[in-house]
Amino acid sequence: MTRLMKYFSEGRTSGKHTLPFVVILLGVTILASAANLFLPADSALYVSTYTITLLGKYLCYAMLALAVDIIWGYCGILSLGHGAFFALGGYAMGMYLMRQIGDRGVYGNPLLPDFMVFLDWKELPWFWLGMDHFWFAMLMAVVVPGLLAFVFGWLAFRSRVTGVYLSIMTQALTYALLLAFFRNEMGFGGNNGLTDFKEILGFSLQADSTRVGLFLITAILLAVIFVVSQKILSSRLGKVVLAIRDSESRSRFIGYRTDRYKVWLFVYSAVIAGIAGALYVPQVGIINPGEFSPINSIEMVIWVAVGGRGTLIGAVIGALLVNYAKTRFTAIMPDAWLFALGAMFVLVTLYLPKGLMGLYGQLMSKRRTANNSNNTEESQA
Amino acid sequence: MSTLASNSLAFNTLDNTREFFRRDQVWPFLAPEQAAVNVDNKMILYVEDLNLSFDGFKALNNLNLYINDGELRCLIGANGAGKTTLMDVITGKTQCDSGTVFFGQNHNLLNKDEAEIAQLGIGRKFQKPTVFEEQTVFDNLELSLKTDKRVLPTLFSRLTPTQIDRIDDVLKTIGLAKHRFMLAGALSHGQKQWLEIGMLLVAEPRLLLIDEPVAGMTAQETERTAELLTSLAGERTVIVVEHDMEFVRSIARTVTVLHQGSVLAEGTMDQIQSNKDVIEVYLGEEAAGEEIA
Amino acid sequence: MISINNVDQLYGGTQILWGLDLEIETGSITCIMGRNGVGKTTLLKAIMGLLPIKNGEITMEGAALNKQSAEKRAYLGIGYVPQGRDIFPMLTVEENLRIGLPVRGKRMKDSPKGSPKEIPEKIFELFPVLKDMLHRRGGDLSGGQQQQLAIGRALVLEPSVLILDEPNEGIQPNIVKQIGDVILKLNKEEGLTVILVEQKLGFARRVGKEFRLMEKGRIVAADKMENLNDTLIKQYLAV
Amino acid sequence: MTLRRITLRRITLRHCMALCCCLFGLFSLPSFAVESTSLDPLLADLAEAKISKMVPILDKIEKASDETVLPLFRTLLNGNLYYIKSTKQVVGQFDANGDTFYKDVFTGQANPTLTKRDVKKIRVNNTLRGYLRNAIARIQLTSKNPSVRESAVRELLSKLDDDTIGILERLYPNETNKKVKHAMGLALAMNTASQTKLAVSNRIAAIDTLADSLENDVRNLLTTLSNDENPAIQSASNAALDTIAQRANRFAFVDQLFFGLSLGSVLLLASIGLAITFGVMGVINMAHGEMIMLGAYTTYVVQLIMPNYIDYSIWVAIPAAFLVSGLMGVLIERLVIRHLHGRPLETLLATFGISLILQQLVRTIFSPLNRQVSTPSWMSGSWEINPVLSLTLNRLYILAFALFVFMALVIILKKTSLGLNVRAVSQNRNMAKAMGVKTNWVDAMTFGLGSGIAGIAGVALSQLTNVGPNLGQAYIIDSFMVVVFGGVGNLLGTLVAAFTLGIATKFLEPTTGAVLAAIIVLVFIILFIQKRPKGLFPQKGRAAE
Amino acid sequence: AETIKVGVLHSLSGTMAISETTLKDTVLMMVDDQNKKGGLLGKKLEAVVVDPASNWPLFAEKGRELLTKEKVDVIFGSWTSVSRKSVLPVLEELNGLMFYPVQYEGEESSKNVFYTGAAPNQQAIPAVDYLMNDLGVERFVLAGTDYVYPRTTNKILEAYLKAKGVAAKDIMINYTPFGHSDWQSIVSDVKKFGSEGMKTAVVSTINGDANIPFYKELGNQGISAEDIPVVAFSVGEEELSGLDTKPLVGHLAAWNYFQSVETPENEAFIKAWKAYTKNPKRVTNDPMEATYIGFKMWANAVTQAGTTDVDAVEQAMIGQKTPNLTGGMAVMNKNHHLSKPVLIGEIQDNGQFEVVWETDGVVAGDAWSDFLPGSKDLISDWTAPIKCGNYNTKTKTCSGQNY
């Protein structure tokens, strides 16, 4: 058993970030929430609802980045279409919120959302049925992305579509969905998407407390998903996943049905993306086909790369940092922020090959090097 | 891959649908236990009339090969004779054009994929050492352990102390005990060779296909490998491909010589070494003598 | 011809070569031996310029080599047959060989023998299988065929120093012998300097004129091949 | 109704000569302009008339004169007719080298004293333009030039009033040119067929002769006649319509094929550079679209520099765009990509950053607005093969250009050592070095070549679409799709993929609409890749695993 | 606060930057101008520019940022309807004030938004009237980009045309994706549709970038304005500036403003704009005029209310009159929409429009179309006693939300 302990303490380093991460995440979240709800608006420590909403959005993105990192960083599947799963989760939530509007829409139609009224639809399409039930809608928010990921992954991985072929296919997938959702005939509000939400589970979406609530829920779910993912990835399954990344064919020759592992992980990742999307929509107040845009999906990959691929915490940090930079830059230098953001991407790639976490890793490895070279010395002796 | 590509879309959809409704595929926990390998006839591997050509080039040509259970068989033959290709076919990496390959009497290997074949107990070491470069030596071995390789069992499995001991034993055997936490990618060529042998050992397969194990090893290491393989035979069946005649002589009971995709000769080492054809296409006039240090 | 002085080399933080000194004489066949992982390949790569060295100096005929890029070293006449073949898998055999033609062209200008613009016929004489497989992708060849291709490819350069890292790995016995003959012949007839890493004693003894034993990134013994005795072997090559 | 043919270019030599004759005729006109004085009062009326009252005046002018009035009508048609405020005398406005000056429309005599302030424009609208075109055609029926006469007849097919028929009947017997005669016969047959007063047998005979014509006006007439009260006329018309429809369908198919090839050629141009930087070098080059954009902007700048030589600007723009984008490519390679060898996925991140920077750079330098790139006259209009089939010239040229670029690239990669070296470098950089390949040089040149070709694509695209900062974004997804569909690293695959996708889209579009067609094609690609996981032309063999 | 803050919420990057950057500059010019005149209420105006980057959720976020972080008093912004819809709930939640300067599909009236662009009845319907009455058009191609503005406009037009006796077979409707660039088949279809013996016109709601390739294809396939005129609702001087207009002379656009209209106000505005952008070739367009009118009216309303308080300004806005640039008077109606003249212009070879038709007087913007079944009974009236954006004249109630 002591050997086991030694093994875990020496061989692995990723697991040890989990606790600090969860503590910091939840700590900051709770403090910010409290500061928003209980401090007066003119207090120096007051956190505005704008900030809360923004943070909530960042956390959704962090969750999404996690999903991307799980399959890209750990399994080497570069998905350029994860926005699709995110958006589908978002649409499920959006449909629920749309149904919650009831007869408070501009046309006052109790059954049909406004966009259907003014396109002269007579009845609710079948796929909208049941979406007025919260839990059913939430089920859909994970089932639909999961199912899509399953079908797509099952086809692709069994046919051994890999590498750039897979990446571009995922891109084609999200692009096709983008075009499809743009179509008004699809019944999802076309280009405008779904918006003008009123309340969720009876809580007004415009109330500070609801926003704080959503923010807290996002943080907690992020923490849970982080811990669960960490556990999964440090289990033997995680090692198999890494093995598939390194050499898929070798993994098959020692008996792993790699396609199933990949499908499993892809679905898991898609479900996380779906959850992130579902949490995102009530906080930003709109879901529309733009979320399917391939550029969005590419950006997600970039968050992960900036933070450090193959480390869950890197994905989270990358998402937070890039999006914070975007928020700041678009406000401070609206005419030149693309220069700054573009330069940031280039510089990170050049100088931080393993992302921000790599920087941290470099510092750590200075220490570890000593150990390793000792090992080598001994073995040669 | 090639098989899939050759089928029509409709056929494949049907196939996929059928596959989908195979309960053992969809629900891993419903899968029947693997039937044990039937070796009633003492034979563990039957390869018959195997043909395979690449763009007209016949890499395997009516190849027949029978391996007894527990045998240690050496496979030699000129570069390009088809040895590696044969292993590719046996392990499901390459689809052959025609022929049959049975593992025991009850497992047709030709309709199984790599993973299934590996799970049946056929292990392989590649000619060019392939290990998981980004993982530690220890993890490489852990992954190769003989365990339930399905997704959920793998997720919930934990290393047992016996497994750890087993890995430690192997680490010692392959001389990498000190390197257990080194990334496999950082090993030297020879060390990778050993690691790959180690991965075979922990998997405890019924049949080992070993492609050029001693390439890049020193004389002593070669000896050790020879001992190791000899000790495995009996309990396990071993097929070794090697060009090092000294090594082959030290382990071989039966030697099969492949040439241009079919069997040229089969027999004891002495018979082979005096076979004219073999000398001409493979050994060279004075080869055997020269090689001895 | 090539002298290596006090070379240190590291992978990341791990030091592999420790103040290594080595002298290669023109026209010699030097066989470098040592256990797995002692740094033989690393040394050869450093000579070829594929790995940066941290300290020390490598010179070729007096001129500093370690500041030159690897491609310059090819032009200076170093041919390299790496361990594990490293042929270009998606290029045809012919293309694999043609890659070296520009260097060959440059080098042949100095010493006119054979055609500088074409793959020399002697390679196909040496390894007839390459001629048969001329239009097959390098990666499709069998292991041994690839090894032959790797040697042939280095010979296209018309090198004055040939570096061979375990060239017999995976090669059938009669061709092993042939490779030995070729090395000896080129050495004798063209004065080719050879640096050979070899584990198989038989071959090393037959072909090598000098030996160097390595351990832990240092040269620990150096002498004429006939002086390679069992004590040394036991000490440095046995496990 | 007929479509305007005057702008449609005919590209046979004979037609060019015809055009020259026509011009020559124009220059020699002033010598005939004797009666122009009698028009003066009418012209003065014209100057003062409201736009809705102008047709009767023009009618009078037409009746009162002959061919000599053509320059007047033409000037008015082009909106260049002005009148001098003080004298009510009409003048034409001309532009040369950026200066505006005025000439007498009949004599061509310049009037240097007039300035913008002295004149006022005589306005035209679409109704008037339509009228003028017909009037010109009527006048031209007696032109000396047969092809002018022919197009005049065809122009008039849609407006066969009694006047016109009268003229045609008068001219028909004396017409010597076969083609003109045929066209006139067509017009007369149309007239005969539609005259209810005439004998049914005559009408049916006329209808039968119409069956070999593809003119719209004929079809419209026949459609009307197919509802005629006389059943014999009805069935004759229907039969004729069927014959026409059959022929027309064949041409429609050709038309659609051309659309597909044209879209394919655009896809090919957009993706071919990527086939090198991504397909061969393995750089996931998200800035590829911006290289195209730079090429398009280069075209704009070239035209800005040589505004009076738009027709030649393309020939300057092509090498210029190649250089600009190519150099930018080399710069990017030297500054960024080269540090990312062995880390192909990171190139995605860095090149995405570069694409953002380049977009914003263009926005800053050229403004976010689209820039105007003119089409050289030799590229505008279409090649009218028959009334139902005409191929637009710009697309025809671009199709040829795409194939040319493709061939050139194949030759460069096959015949120079660059092609071999770059593949070697991408497969094993260290070994390539050890074989004496100057990897740095090869990388820079290859990336430059790929980018330069993207720049050339930009020149072509500037003729079809917006030249704006988002130009590149619009093509990047398609480009990747094409390269991957064709099989990474296979140029021929890129070619086949581009045309396959182009043709598939264009054959789907009429039935499904553009949006669904795009979706269907995407889904098709996704399913296709399941069948062939390495594209249309996969790299095979052990090494490709 | 010592300054009055004016938020500018227009995309400066991404796909919409092409159109919206101009409006950002327009607002900045107006702010400058107002400051030169001494500001408002004795305070200087300060523009706060953010970039929502053509990303719709970002409009909501940036809107919130402007209102809570920057505490702006008014926002000028948005172009696409979806961006407006995205920011709308934020405006209503935080009681902000926004001026929306682009022609749109209508079917909306928020207390917090003033719509200074055209509603469908101020652009589409008069244009179709012109086609039928003046050009004798009998067949219509309704071609649009597939999103809500074209969809709604075409729905309205379809109903309107059918009411006018146009048969269904004489209406061809076609939608294309955003940024569609390969128009060969569609233009060829239009050509066929238009060559069947009846006078045909295209009513284009094609958006943004897709227009240039569309017009280029029209030109190359030889469709001239006399044969098949195209009347567009989204093509203005700015779009034409990216295009060689020679082959397009005679095609039409319907707007409430053209740069070519000769009035002293317009001349001054154009001059100021060219000076501000330091570009003598810069053109003006309809959304700029809408921004101009909105800004003027807001400034007047603030002066009149004596405060920038949103509720006070909102009430002061209603009934505001300000001279528009085409020689008339723009009036802000109770439904937060303007009364404006409708002009139809023909494209000239210099990239300008020449007015060929205009309404006799101004047309009041209609928030709720009379030609859609869902909204024909709705009106909007933000004055007491109704004070509602969607008042049902039949049931005498405010349907749905109570803004």
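First chain written, first letter: the chains are A, B, C, D and E, and each begins at residue 1.
As a working rule, contacts are C-beta pairs under 8 Å (C-beta built on N, C-alpha and C of every residue); 3 or more make two chains touch, one makes a residue touch a chain.
Predicted, not measured: the structure shown is a model, and the values here were computed from it.
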{"item": "Path length in steps (a step moves to a chain that is touched) from subunit B to subunit E", "value": "2"}
{"item": "Chain nearest the global centroid, as defined over all protein CA atoms shown", "value": "A"}
{"item": "Between subunit D and subunit C, distance of the C-alpha-averaged centres to the nearest whole Å", "value": "62"}
{"item": "Inter-chain centre distance, subunit B versus subunit C - centres from mean C-alpha coordinates, in Å", "value": "31"}
{"item": "Distance from subunit D to subunit B - Cα centre to Cα centre, in angstrom", "value": "63"}
{"item": "Chain centre separation in whole Å, for subunit E relative to subunit C (CA means)", "value": "75"}
{"item": "Where subunit B touches two or more other chains, by residue", "value": "1, 4, 54"}
{"item": "Sites on subunit D at which at least two other chains make contact", "value": "359-360, 473, 515, 518, 527, 531, 533, 541"}
{"item": "Subunit C: positions in contact with at least two other chains", "value": "14, 37, 140"}
{"item": "Residues of subunit D defined as touching subunit A within the complex", "value": "278, 284, 286, 336, 339-340, 343, 345-346, 348-350, 352-357, 359-361, 364, 473, 477, 480-481, 484, 488, 515-516, 518-519, 522-523, 525-527, 529-531, 533-535, 545"}
{"item": "Subunit D partner contacts - residues on subunit E that touch it in the complex", "value": "12-15, 17-18, 21-22, 135, 146, 174-177, 179-182, 184-186, 188-189, 191, 194-197, 199, 209, 212-213, 216-217, 219-227, 229, 238-239, 241-244, 247, 249-250, 346, 348-349, 354, 356"}
{"item": "Contact set on subunit D toward subunit C in their complex", "value": "417, 420-421, 423-424, 427-428, 430-439, 489, 539, 541-544"}
{"item": "Partner subunit B, residues of subunit A touching it in the complex", "value": "1, 3-4, 7, 10-11, 155, 158-160, 232, 235-237, 239-240, 242-243, 245-247, 249-258, 260-261, 264, 372, 375-376, 378-379"}
{"item": "Subunit E-facing residues of subunit D, complex", "value": "1-5, 7-8, 79, 123, 125-127, 129-130, 133, 216, 219-220, 223-224, 255-256, 259, 262-263, 266, 359-360, 363, 367-375, 380-382, 384, 390, 392-395, 463-470, 473-474, 505-506, 509-510, 513-515, 518"}
